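After this come two complexes, each holding chain A, first together with chain B and then together with chain C.
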Partner chain A sequence: MPFRLAPVLTLAVLLLPVAAGLAGVLLPAFGHWPVLGRSGGSLDAWRELAATPGLTRSTLISLWVGLATTALSLAVVIVVTAVFQGTRAFAVLRRLIAPLLAAPHVALAIGLAFVLAPSGLVLRLLSPWATGYTRPPDLLTVNDPWGFSLIAGLALKETAFLFLMTLAALPQADAARTLTVARTLGYGRVTGWIRTVWPRVYPQIRLPVVAVLAYGTSVVDVALVLGPTSPPPLAVAVLRWASDPDLATRFKASAGAVLQVLVVAVAIALWLGGEAVVRDRARTAGARGARTTWEGAGRLLAWGAAGVIALTLGLALASLVLWSFAESWRFPQLLPAALTSARWIEGTMSAAAVLGVSASIAAIATGLALALVLGCLENEVRTGRTPGRRVTGLLYLPLIVPQVAFLTGLEVVFLPLGLDGGWAAVVLAHLVFVLPYVFLSLADPWRAYDERYRTTALCLGASPLAALVKVRLPMLMRPVLTAAAIGFSVSIDLYLPTLVVGAGRFPTITTEAVALASGGDRRIIGVHALLQALLPFLAFAAAIGVPLLVFRHRRGLRDA
Partner chain B sequence: MLRRLALALVSAGLILAGPALAQSAPPDPKNWAAVTERARGQTVYWYAWAGERHINDYIAWVGTETARRFGVKVEHVKIADTAEAVTRVLAEKTAGRTEGGAVDLIWINGPNFAAMKANGLLFGPWAEDLPNFRFVDVAGKPSVLNDFTVPTEGLEAPWSMAQIVFFHDRARLPGPPASARALLAWATANPGRFAYPDPSDYLGATFLKQVLVEVVADPAILQKPVDEAAFVTVTAPLWAYLDALKPALWRAGRAFPKNQAELRRLFADGETEIAFAFDPAAASAAIASKELPETVRSFVFDGGTIGNASFVAIPFNAAHKEGAMVVADFLLSPEAQARKQDPKVWGAFTVLDLARLPAEDRRRFEALDLGIATLPPEKLGRHLPEPHPSWMTRITGEWKRRYGAG
Partner chain C sequence: MREPAAGAGALVLDRVRLALAGKLLMDLSLAVPPGEVVTVMGPSGAGKSALLAYLCGTLPGEFEATGTVTLAGRRLDGLPPERRRVGILFQDDLLFPHLSVAGNLAFALPASVRGRAERRARVEAALAEADLAGFGGRDPATLSGGQRARVSLMRVILSEPEALLLDEPFSKLDVELRERFRRFVFEEVRARRLPALMVTHDPADAVAAGGPVVRVGQQGG
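Presenting the complex of A and B:
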């Protein structure tokens, strides 16, 4: 019985907050919010929105950042996979991707800001011997008006995400054999991969790509650290209006939130349109059978991209660590003049409480998500029915509808229910985002499990529950823990749900890091960014370590 | 095992969620004994701007002390913009929550106070009934009763004085400019070495007001609400000034630092040569933490700089009004005020009249070492009054239209 309820509950947890939140912005956007003195409906909010200086530019920046981030990340993934698949380097990349995936967006953005700033590590490496600068040049690098640093920061992380999704899709694309056939037909490795394997991979990762696009178009936290400031991207502007002291601005904020939804829709439409054009052209080129060799260029690009990413990550990590231990570090000194552990002692003491809050919210949200997902998957086993693509697509809804749109509306809905600003509300908001990731990462290994183990257990007289708890779960411990670690790090990463739904009363390491990053002492910011990155790393370490420990006498499960 | 884990998680959730708090009749601030009695055991959610570490540390100290002395815990809700707290209270009013609200105490002044007062979102009057209010320097510091010209009417209690103070590095810039006009001339000669924060931050908005007060034909008009008909003519010199300054700004005015802390960071990195803060002791504090070199000194303009008072207010629906009043009263105590003025702690000046204090409390202030870069009160120059809040709203809006739209 409880297993049959799981799918319904899961869908309710995913869809109700999104729907309620959207209603909570649609009504005020069209002039209905009686307590604020407007009801019945009007277009005033839209007129106010249209009259906002810089609105066009904000909207275009959002659109541009979303599309550019997605195109760049996808291009890197394609070229890297095409060049390296099946080589030894590929196995190394596979391993290296894990820490990048675990690193929180905000910590990464802060590290990148440290690297790119005019007083950052890149210019320190080159100054004064090559550049002649004895003081930071007056260059607009971080927060540049066209969002290049924002795109770079987002692409770093999204490349890792899309790469992971591609890895998961490759087995279904029958990549190795397809590539062999292509190569026997005289295609080069890179050309062959792009012509034959990629078209079978892409449809499988289209939803993740769209999620990346929607995220890039409506991101708030990374934009606060790296994005343009005057004017900011639309989502940041909406958040500002939603917290304006002039209460009438709330109507404009709601209209802006609705506009943000439209912007995401337009971005998706443009992307799908572009996709169709590329597909047609690729088909024509493929039919012509041209054996164009992109081998050299492809290899150069792949090594270049992998090198730039690795170098950037290395420099970012080095900047964070150096700043966190620096006593004073003036430009153009390459290394701090004096080191101290004082900031770590101060920082850890002041951050201890927020680390606890972060970890407990993440643990509870992940626990609930895991319970629901296991319930759904076990229900599949018992009923023998797997949900279709459309239902699975619904999982992506909270990842595609812009956070800033439905979360600000959720406040209006949660309040009368007495749900606002409490632990329950924050955990629920986190659950909305944690659940899809847990489901997506656990579903495949679960479905790939050999059902004969279960049948054997049942034949030996075990109850269905015992077959689940005593046989299946222990055997699937590794993917279950990995899914939990992913859910945990998604929760640690969340900024807006914590801030908006928690009314700022649940300061997490992430909200603290964003608040600090907007200015202030780099030494303390470094400590916070590293502490923020620490939590997901611990979670992944546990996900890897616990099975090793538990299965130390079970050779068959150790490398499963 | 999984079930036990789930159980543990759920019960952890229940414990953390805590019991809901009930609220009864509003407190009477005149009956202070009853207030302190009911305050015991309460936790005050204090929504306060959290952009500076030393201020957060001071608030944490306040919480420790009120817990120890009065049994009132303080939970500092760290916000980047006071408007977040105002929005919160408004949202609660919208939803019909007239008691048990999330916000107990707000660090507030200026337009946020004017908005809350006008919308009936505040509890009170209570501030002038606080036992320590008798020490407040109402004659010498009129802004403690008139917040940006808006009468406080006991709806908020003052707790800190602030004034614009500029800083420069003696080793790099020996003779800093002494007026807004001189600053413009200096910036034009040294392009890219001066910045002011985006006016959506209070310090950026205060810089605009500083310039406005200096260039406006008759500053008296700023003490009244904006006259829309006269707005264009009155503010024309301000926009002329800012237009002239823009190309000489850091990044040629294509980006603005977000706040006081970022402005100081640019100065520390050597990107800019003049910075400013709203704390007279900001430079000394940053030198003490090795953020700035020891050659940094403070200066003010000859014609004076903008100054104001900061307050704490209690929302109409606060769940812990008694606790909030106890905290506000402790903030006004000579001990808390003297600690706040210590540049090793924060360095913000007191709202109290030292002449009214008992001798041993006065000594707490006299014993303070203000730090090498702090100007003593007599050298801080004239304290220019804040314009009416409607000016701030209008000029920041106009600024955004002119310079914030890319």
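Presenting the complex of A and C:
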């Protein structure tokens, strides 16, 4: 019974690489790595790590970036949802969030760097009339030492993610009716929402919030584009040590990876502690019965945040497009003096191969993820048992354990098995991250399906397989393709799994874009960032377009 | 196409006991002769729908069920739903929205009906019988409620069931439509000599069915 195997395989795909990878950093961190000729235990790696200049600062930057990104993203999500829920603007926001979700982290980070850089669009807009600059000033507006540009870049994307999670949680929080009750009791819309709806939404999105926190605390790719450089965040330093040609440095890298796990754990502990404090204070504040505390400030913040995000995204996209077509673009000219399509021709030709690698890794990983997820969900139908919250929580494990920690460890485990640097290993590493997103996006629509359709099909004589293939899957084509598009974009977005597990042998559009971002020709970088963003957009366009085309004569599925 | 279905025989429930979380919902023995409609009535939560799910073979795992069910002498309990030859109509028509009207009907035709022409003829005949000749190519979503209800009945009939289960199939139709569709269903049941078991809240359904009424669940439920 393949369907019964699916949950076991799925758990194996999620848990084994993480467990093996963690073992693969823990042992070398304490001096045990027989392949490199060291066994037994020692604390040398830790001593070496402790002696690294800037380590404390790297660690603090990581903590700060993670906590600040999460707090900022969550605050924006709270005020925007509180102010706009149930209004016409909310429907517009819902729709605008999709392209932001589809945009890869790296492309977005590059776009933001183009906007914020001393020679970027913001200063061009203000120069020389307001600033007096006729040449780009010598300012660290990107890669600033305390990571403000990094936090901004991460928060852009994570706000979209948390907003999506909140949207999914609203119906279960009975948001509309709860808010009505609060308002009839005299509470303002914003204050009422924050006091009554939010406390029911938050527990449902706590895991995604923790995932955002862990991601921000251990991010590598966006940090390479926007983050501080001397010293960099801890995860970037660990990656550097782990790819050092001097194999002795690998022991330090392993100790650093273990430290990174601890830093994420501390960040989570701090967050949960802060959560408890906020909850307590909110309870006392709520008991006072103030009804309109948040109305004015909330509206201002929500409109401000929405405006800043929209403006930033618009400027980022404009920068990428302008640079990619620029012939020459001197500061402080607002627009390029001359345009050319030469970079596009050049860039597309040179990127064709890496685009192919990206798309095929993503397609295979997504196909495997979809097979496993469909298997698990169909098994739920057949056994009549849905896994509990704890098991579902395991889906978040690869999203919470820092990538840089278990991926570098995975190399240690794969090496003696002859699995490192292979095509299969890269696809497997992608699958670990694609699978949770595919599962989380498909599970709700699957479980919301009216099981009486299945009963009807079976009682009409269809086999369980026919009820799945001929009835359920066509009816669920839209969510299935959406889940596939999400999985595909997640894979396109992945940097570390490709780089570390593939030992640099599988350059994808993402690894190329990151490599170029540190000091390449802006025009070529712009082309690469836009090409990187193109792949997920094509995937989502297909996920929306195909069902529309196939079911163009089926009204019952169009607005379902 | 009004000859009695092959192997028509009674649907017999012998000491069927359904329990949920240790609480006995019903202990039922009854026989439904071919061409007759037996009505099961009871408060909500009495396990009426669970009884039908049990007869279909789709009872959720949290229920415990014992007893034997035979249809025309065949043991049903233990068989997978697709081999029971028990058709079911729900209160919603549940037409598959991704298939055309004819596609829905063809889905139900057994594979033993061979040949494209023959299968098409069967579908056309069913449409004609439901006063829907020429509707085969239509999107089910463009049909009226009454038309959809008739298609869903013809779909069950085409699957050549040996018994019919009715799960409040008239409750969502408006009054006038309800009476017409009810008559249509009961005529089919009698003409095809199908034993039918109906679950309903509406005493008028039971009166129209004209068969015996079984009450399950105690008052208050």
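Worth pointing out:
The rule we apply is simple: the second predicted complex is superposed on the first by the 557 of 560 C-alpha atoms of A that agree within 3 Å, B and C clash if a C-alpha of one lies under 4 Å from a C-alpha of the other, contacts with A are read in each partner's own complex, and residues count from 1 in each chain.
Operating definition for what follows: a contact is a pair of C-beta atoms (placed from the backbone, for glycine too) under 8 Å apart; a residue touches a chain by one contact, two chains touch by 3 or more.
Note that the structure is a prediction, hence the values are computed from the model and not measured.
Model built by superposing both complexes on chain A: chain B and chain C fit together without a clash. Once the two complexes are overlaid on the shared chain, A:G556 sits against chain C while remaining clear of chain B.
Applying the stated contact rule after C-alpha superposition, one finds that A:D174 touches neither chain B nor chain C. Applying the stated contact rule after C-alpha superposition, one finds that A:D280 touches neither chain B nor chain C. Of the two partner chains placed by the overlay, only chain C lies in contact with A:L458; chain B stays clear of it. When the two structures are aligned on the shared chain, A:R385 is found in touch with chain C, with no touch to chain B.
After overlaying the two complexes on the shared chain, residue contacts for A:D444 are found with neither chain B nor chain C. Between the C-alpha centres of chain B and chain C, as viewed from that of chain A, the superposed structures give an angle of 140°, to the nearest 10. Within the superposed three-chain arrangement, the count of touched residues of chain A is higher for B, of the candidates chain B and chain C. In the superposition on chain A, contact of A:P136 is made with chain B only, not with chain C. Touch criterion met: A:M475 reaches chain C, while chain B stays clear of it.
Least inter-chain distance for chain B and chain C in the combined superposition, rounded to the nearest angstrom, is 15, based on C-alpha atoms. Counting contacts as defined above, no chain A residue meets chain B in one complex and chain C in the other.
Residues 33, 35-36, 53-54, 57, 117-119, 135-136, 138-140, 143-145, 228-231, 240, 242-247, 250, 327-328, 330-331, 350, 360, 363-364, 367-368, 371, 411-412, 415-416, 420-424, 427, 469, 473, 503-505, 507, 511-512, 515, 518-522, 524 of chain A are the ones that touch chain B when the two sit in their complex.
On chain A, the positions that touch chain C within their shared complex are 383-385, 450-464, 470-471, 474-475, 477, 551, 553-557, 560. Residues 53, 56-58, 60-62, 80-82, 84-88, 90, 92, 94-98, 100, 107-108, 110, 139-142, 155-156, 159, 161 of chain C touch chain A in their complex. Those residues of chain B whose C-beta lies close enough to touch chain A in the complex are 2, 5-6, 9-10, 12-13, 16-18, 45, 47, 50-53, 56-57, 60, 75, 77-84, 86-88, 90-97, 102, 111-112, 115, 119, 191-193, 198, 200, 250-252, 254-265, 268-271, 289-291, 293, 393, 400-401, 403-406.
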